[in-house]
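Structure first, then comments.
Letters A, B, C and D mark the chains as written, and numbering starts fresh at 1 in each.
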């Protein structure tokens, strides 16, 4: 069996999704890529979480074709594959239907950056992609979902903004590996909830939501404190 | 004891309701029908969940009369019976007072389809039925609840829309068996929460909620991807 | 030690409060009365839930004076005592700071009856009492809280409306015993959450909240179905 | 190893943060000071909660310099140190990113005192501090966070208001020790949720939120009942 260690990591990442309350039933998937081999491991489609194992994860190539595995891979496999092809620095990808993030995706709005909880991981707003056209959906839905994401990130750095919302659908997140993508999925759900409540707390007092936006220099400070060349959060590694 | 296997399935379905956070105390019930025998099994009325067992489930005929069982069946039995009589393709029914779905039922509004989480299981809005008249309530409340549901589905397919809201009351859902009805009850509660938040995220930014509606071709794609003749979600069976 | 069985029941009722998510820390109390002896048992004040036992419950007379017990009784004891003195049919009382019910109490609004979840236990709106005056607070705060509740129920039946909101404070509920009072505290928290969401679902669609009110004949039916002389919910007892 | 008992207390306080739902991942920290020695113990930075132990807590002096410990202390250490230097009566400090409190901090609003749940611990509104300027952030972010808090409390008593919101960031709380600071962090999260819902319940009925404010004499009564010279809540100690 190929990629034993990677299977284990992807399995763990998938199991973390319901544990963090991001997934009910089978509504989520995580994958991670082995860049040297050009292969990624992803959850099988529609299999209950308590039946998942490292062994029934599915190995795919960068075209999303199954290389090893008896089960169908996640129906979103073509999206994962396209993002891996497009963004070399991305090592892991997660998709969920977590409640608050989906709500922003359904409203078709970016999640504005109202504070440091978001700024520690997202260098600005979590962007909401445009909706797919009827033609894009009919032609190749999952592949084109990937294309719309990459298009939406033109001029943006997917490392500094490790996630987005797909309109009328839900959140995708990524990171250096599957665990980092899970982490960012949790962050997105947290800030999605907080941002809604922030706007409501403004609204009930008649305060414009624009006044709640975190100033750019606060974003700079928090993002750099964790991710810049002189980062001092956490332990030296 | 009749229908031993069906009793077990209905028992499990009922126990899943509090596990999914859909039910407090005894506020819910699940049933499933054996179409060959024309009998369905349903939870007894007002019995604590930790006192339920496959053995104390109640067997009823299609008129809702008890065929086997020492306990009174759920007070909503006549509703279940009428739906089974009216809709041959329905094999299981669930009723709960889950918080978000009840809130939509109380507001008397359909849950609009804002995204794929709903479209994967409901081919459009989750419809809210009209309220019962005073006469309907006094004459035969539970039976007429069933009649109002069937009336509200004239021109609609209960397989493509496996649930509804009864005004000022709460959600009913159904499916090929009791487990599927439970599944759809969970979906309804999830999308009820998301739809409220979606509308609020629109509202705080002054965006009309109509702009958040999922386009019809997205509904088509998601519903067909899971339920159409060429469905490719999940594993071949 | 007096009232051994009653101590056990009151202990269990108090322990159920955090279990139902109604209480954090020590912010709640339950009591039950022995009408024959004219004594009630109540939780001690400010003691952690994991240090409670049937033995450290406090026995009080109808003036709220300690008859047996080493610890101070709940600081709300005078409120409980006054309600027991005023309402002969009440056998158990609960006070909590449960989140949604407190929010309605703080807003100073009755919880309107929007549906059957509430109508099954409350024959109409959950009433919010007037605030206490400065004089009432300074003179005898807890006793006067009881007086304001009884005043607010003039013309109302505390059996048909087994709970209320004390303005800027929180919910009190009652019933035939402490367990029933806990049950009604859970109902209040559930319907408080649902009523807020119901109003919000109306608001985002520009629908007046008055249109969401349950019609009187629905209240009649549901309340009578459970509590009237011909009640048919649950099992014969 | 120094301060063995204090390490244990600070460890327990930190572990209580996720237990109360105030912290996901590593987003929080608690500390406590030994006033005689002029040293405080604080959580290490960015270490998973399940890897924490009394032994890997970090001991710092009042300038925030590490006196004992192999790991970096919390990135917020300079804030803790400044508050300890400024406020002699404060013995423990907690910082979290709890969801509702962060939402108020992001909205840049004080949490108004709408009821007794808040008044039992906070003698008035939970104040939101001004945002830091660009210069303050660049010069010494964490130290200046402490300075902005102390500035915001000019004319206020940090014992009577044991917490605040740092704008676009989140809540800080304190108390006589780390356990008290945790307690106040829980109170802040609770009242932050209730205050939002209170305002929403006003809003849906067109009631001005000012009418929901608790009257001053109710604040006086509740705060004094627990903390005044004649306090009668809880047990004599």
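Operating definition for what follows: contacts are C-beta pairs under 8 Å (C-beta built on N, C-alpha and C of every residue); 3 or more make two chains touch, one makes a residue touch a chain.
To keep track of the chains, here are their UniProt names: A, B, C, D = L-ribulose-5-phosphate 4-epimerase.
Being a predicted model, the structure only gives us computed values, none of them experimental.
S.K.: Just to be sure I understand: going only through chains that touch, what's the smallest number of steps from chain A to chain C?
M.R.: Steps on the shortest route: 2.
S.K.: Look at both sides of the chain A and chain B contact and report whether the same residue positions are involved, with over half shared, or different ones.
M.R.: different
S.K.: If I average the CA coordinates per chain, which chain comes out farthest from chain B?
M.R.: Checked the centroid distances; the maximum from chain B is D.
S.K.: Fitting on CA atoms only, what is the rotation between the copies chain A and chain D? Please report it in degrees, nearest 5.
M.R.: Value: 90 degrees, nearest 5.
S.K.: Taking each chain's centre as the mean of its CA atoms, how far is chain B from chain C in angstrom?
M.R.: 32
S.K.: What positions in chain A touch 2 or more of the other chains?
M.R.: Answer for chain A, listing residues that touch two or more other chains: 199-200, 202-203.
S.K.: May I ask you to sort the chain touch graph into line, ring, star, complete or other?
M.R.: Per interface graph, the chains form a ring.
S.K.: Any idea which chain D residues touch chain A in the complex?
M.R.: Where chain D meets chain A, its residues are 24-25, 27, 44-47, 71-72, 75, 97, 99-100, 102-109, 131-132, 134, 137-138, 141, 168-170, 196, 199-200, 202-203, 209.
S.K.: Sort out for me which residues of chain D touch chain C in the complex.
M.R.: Against chain C, the touching part of chain D is residues 20, 114-117, 183, 186, 190, 193-195, 197-205, 207, 211-212, 214-215, 217-218, 221, 225, 232-236.
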